[in-house]
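Okay, so chain A shows up in both of these, paired with chain B first and chain C after.
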Partner chain A sequence: MFNEMFSYAFMVRATIAILLISPLFGMVGTMIVQKRMAYFSDALGHSALTGIAAGVIMGIGNTTVSMIIFGICFALLLNYISRKGLSSSDTLISVFASCATALGLAILSRGGSFANYSAILVGDILSITYTEIIELIILFGIILLFWCFSINRLTAISIHATLAKSRSISVRIMEDAFAVLIALLVMLSIKWVGILLINALLILPAASSRNISDNFREYTYFSIIFSIFSGIVGLFVSYFTDMATGPMIVIIASVIYFATYIYGKDR
Partner chain B sequence: MKNKFLFVLLLLISISVVSFCSTFFYVKYNKVEVVETDMLIMTSCNPVYLAACNVVGDIDGITVENLSQPTTGCLHDYTLTTEDMKNLAAADVLIVNGGGMEGYLEDVIAAYPDLTIIDTFEAVEDTYPIIAEAEDEEEHEEEHVHGEEGEEHHHQGEFNSHIWMSEEIYAGQVIAIADGLADIDEAHATEFKANANSFNDIMKSHIDKSGLDEVLAGENVAILHEAFAYTAQSLGANVVATMDLDEERQVSAGEVSSFIDSINKNNVKVVFAEYDYGHAMGKLIEEQTDAKVVYLETLVHGTYDKDDYITVLSKNYALIQNSL
Partner chain C sequence: MKKIIPCGFHCIKIKDLGVSFGDQQVLENINLHIHCGQISAVIGRNGAGKSTFVRAILDEVPHTGEILFKNKMDNTIQGLRIGYVPQTVNIDRTTPLSVYDMFQSFTGKLPILVKTKKEHDHVKEALAEFDVEHLIDQPVGTLSGGQLQRVLLAMAVHDTPNLLLLDEPVSGIDKNGMDAFYEKMQYLKETHDLAIILVSHDLDYVYKYADNVILIDKTVTAAGKPKHVFESDAFKNVFGKGATGEVEVSANV
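And then the complex of A and B:
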């Protein structure tokens, strides 16, 4: 069974991609859940459409570049306006997300050509190439480095921002850097995971882990384990049942979430 | 503390076992027998599949398979499944409609750089009357054709790629497939070409237009799906208004009113539409104008019967005839 599965180059590439993306989702997801940024990452995912639209308008051949640039600007702008405190952050994010999505849809659907971009809604990890895997390896390295150097500061900020400030931690810089990191992760993996599901993959493993963890170390480790497990089992099931890979991974991650929720509630 | 780790371990093992068992039984009861074949030809869509089947005919050792097709929607937004990727890995050649119809083609080329691809659009675009893709209502009224008057080459995607809906261009696609296959399998080259010519002759004699091309020649028609621009072309009718509807298309009020105005202004008697996405709009048009809306098939889905092309086109023409 497994021999046949790995006799195809596309499955080898998809497995490598899952092994690269899923631990990142598990890791970054913990901080997103901890800092209550689930809506923020969802908004970023939806803004990918506008990033593509911007690329199309400016004639940029590789729309990944325009998506990354737009995603980073979008994330920093959201942080900036949220800090101003003119309105509650969920309202602001909702306004920005809706506006960005509508703008992207309006531009891309002009002349009925949205169908050309609709594949990004569900993603397609099976068609990933080795060059794109190298991009993911670089992203993996960047996020791992950032994580090693900044996890304590980010945790301090997520617990109490004023306390973190008093310990000479630059809250603003760290928050902006983390937002840029989420933007990079979302934009570079959205083509493989899909706009509709990317947030589920970021949130579910971390949320499942939170249900049963007693400290931050357990929280991170469980999240990474759940994320990799969902990715590999989802890929395996989708290969043999001929169903889309992204949704299958989310289904497995959801089962883990409900099981840990019941366990966590009864503890 | 220990219980928690045990719980996680048991949870992951249980999910693995359930996933493995359900997958095992799914595969067992849905297993498709693999046919031993000398040459595996994959096709991207139903019309190309039908053409390839007729070109291959009864030649032993050659199998034609179509990529699994969506049951709804159009081909543009189709994404490849694992089954497709497995089939493509084993395929000797992939025959596509081309012209931007297969959005996943770039991914296939990147994943399988050695796979031979026969692009039928590319083969016919300079010799057959390819219709320019409509940009907006004003431009629809001035739709022009490519190929007839030796226009310079344009990028793919600017042209309406539903070329199989014109039996004249489809005959060209059939020849292109025969030529492409003959280059790959020289031993059967003569048979491929003979089968292609024979199928084209059958098409000519069996597709029943019932004199429609005389009735509609020079008449104004409107369409609710780009594919029917070629139906109109085959019948010699002028397309004066186009509204391309699919599951992702949201039309504006201005577009609808301009479409209705065009129908009234140009005295359109018949509108060609596809039922799934054109039904609601079709009802509105029949309410607002004197035009009849006739629901035709685009051949994107089918029963994979070799004679489907002739049957469906004849049925389409009979439906138009009945609506007049």
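And then the complex of A and C:
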């Protein structure tokens, strides 16, 4: 059964891609949940459309590049505006996300051509190429390094920013660096996961892990395990049932969430 | 615990400190000398600028004037290390952070993704000074107010600050906890070479334990020994005469 599945090169590539992306989602998701940034990452996902649109307008052939550049600018802009504190940040993020989405949709639908881009909504992991897998390996390395270097500081900031600052942690730089990191992860994986589901994959494993963890190590490692498990099982189930991969992964991640919720409630 | 006698030669000078938000002048002309080995209590009515004063010392809000840390032995100016204890930290019950994780995230280099026996023992030792070493593996969200405060204190004095800055740290703590807290302050000032600035509402404790009292109402309206400040007109204007009476009764007990 599995022999047959792996005789298809696209299934091998998809499996490798999931083994690379899902642990990153599990890991980065822990801090997104801890810092209550779910809205932020969702907005970033939606801004991918605008990034593609910007690339199309400027005639950049590789829309991944324009997505990444736009994503980083968008993330830093959101941070900047949130810091000004003029309005509550969830409202602001909502406004900017809707604006970016609308702009992207408007531009991409010009001349009725949106169908060319609709794949980005649900993503297609089966179409990944080896060059793109190399990109993911580099991303994997970058995020892992960043994580070891800054996890303590990010955690400290999430507990109490002023207290962190009094211990000479540069709060602004860390927050911006983390936002850029989320932008990189989202933009480099959105083609495979899809705009509609990417936030679910970032949030669900960490949220599930939070239901049952007492310390940060449990939190991180359970989240990574849940993420890889739902990724791989989701891929296999989608292969055998002939359904889209992304939604199947999210369904499995949701089941894990409800299971941990029920289990963790009695703690 | 190694005993360090406060030398009395370090002095924190606050010169002409002022803070304004837009057009509104919140603090102005604050001039103070804070000596190591002393507890200076900051009191004042609500909205008098006590918390802004703390935030200015922490450099959290833009301010005019300067804060110097001076060694009177050789008249050199040094960088001021501040151990800060916030009013509260908002951690909900389900946050997956143990006391070890919180301590290590603020003070340690080893990523909290791993835990070594050496680091664990190190944190435990620091917690032991405040009698909370048994809480090391407990989730932070499940601690009581008093326990959390002790952990925060242990974090604040962990790398020998010159100034311990506490912003109303005893809110939500019962009387036993208050006594224990102020005795701990007394102990800290006697055993560590640091100055303590404490924002407080508890006038009778301030009267009993503080070496200096600073009454703030936009600027310093009275400062000096507790008795001196508590008998000043400025104090009576803010807290009324009743407060002084109460304080004297409890101070005599």
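Basically, the second predicted complex is superposed on the first by the 267 of 267 C-alpha atoms of A that agree within 3 Å, B and C clash if a C-alpha of one lies under 4 Å from a C-alpha of the other, contacts with A are read in each partner's own complex, and residues count from 1 in each chain.
What we mean here is this: contacts are C-beta pairs under 8 Å (C-beta built on N, C-alpha and C of every residue); 3 or more make two chains touch, one makes a residue touch a chain.
Being a predicted model, the structure only gives us computed values, none of them experimental.
Enquirer: Quick check on the superposition: with chain A as the shared anchor, is it clash or fit for chain B versus chain C?
Expert: On the superposed model, which is not a single observed complex, chain B and chain C fit side by side.
Enquirer: Quick check on the superposed pair: does A:Arg210 touch chain B, chain C, both, or neither? Answer first, second, both or neither.
Expert: Touch partner of A:Arg210: chain C, not chain B.
Enquirer: Between the C-alpha centres of chain B and chain C, what angle is opened at the C-alpha centre of chain A, expressed to the nearest 10°?
Expert: In the superposed model, the angle at chain A is 160 degrees.
Enquirer: For the three-chain arrangement built by superposition, which of chain B and chain C touches the greater number of chain A residues?
Expert: B
Enquirer: Quick check for you: in the superposed arrangement, does A:Leu76 touch first (chain B), second (chain C), both or neither?
Expert: A:Leu76 sits against neither chain B nor chain C.
Enquirer: A:Leu103 in the overlay: touching chain B, chain C, both, or neither? Say first, second, both or neither.
Expert: After superposing on A, A:Leu103 lies clear of both chain B and chain C.
Enquirer: Once the shared chain is lined up, is A:Thr241 touching chain B (first), chain C (second), both, or neither of them?
Expert: Once the two structures are laid over each other on A, A:Thr241 reaches chain B alone.
Enquirer: Have a look at where A:Val12 lands relative to chain B and chain C in the superposition and call it first, second, both or neither.
Expert: A:Val12: touches no partner chain.
Enquirer: Tell me which partner A:Ala259 touches in the superposition: chain B (first), chain C (second), both or neither.
Expert: Touch partner of A:Ala259: chain B, not chain C.
Enquirer: Under the stated touch criterion, which partner chain does A:Cys148 make contact with: chain B (first), chain C (second), both, or neither?
Expert: After superposing on A, A:Cys148 lies in contact with chain C but is clear of chain B.
Enquirer: To be precise, I mean the smallest distance between any C-alpha of chain B and any C-alpha of chain C in the superposed model; what is it in Å?
Expert: The answer is 12 Å, the least C-alpha separation in the overlay.
Enquirer: Can you list the residues of chain A that touch chain B in one structure and chain C in the other?
Expert: 214
Enquirer: Using the touch rule from the top, collect the residues of chain B that touch chain A in their complex.
Expert: Interface residues on the chain B side: 1, 4, 7-8, 11-12, 15-16, 19-20, 22-23, 26-27, 68, 74, 76-77, 79-83, 85-86, 89, 100, 103-104, 107-108, 110-111, 135-136, 244, 246, 248-250.
Enquirer: Can you list the residues on chain A that touch chain C in the complex?
Expert: 34, 147-149, 151-153, 155-156, 159-160, 162-167, 209-211, 213-220
Enquirer: Which bits of chain C are touching chain A when the two form their complex?
Expert: Where chain C meets chain A, its residues are 55, 58-60, 82-84, 86, 89-91, 94-98, 100-102, 104-115, 137, 139-140, 152, 165.
Enquirer: Given the complex with chain B, which residues does chain A contribute to the contact?
Expert: Per the stated touch rule, the residues are 8-11, 109, 111-112, 114-116, 118-119, 122, 124, 126-127, 129, 212, 214, 222, 225, 229, 233, 236-245, 252, 255-256, 259-260, 263.
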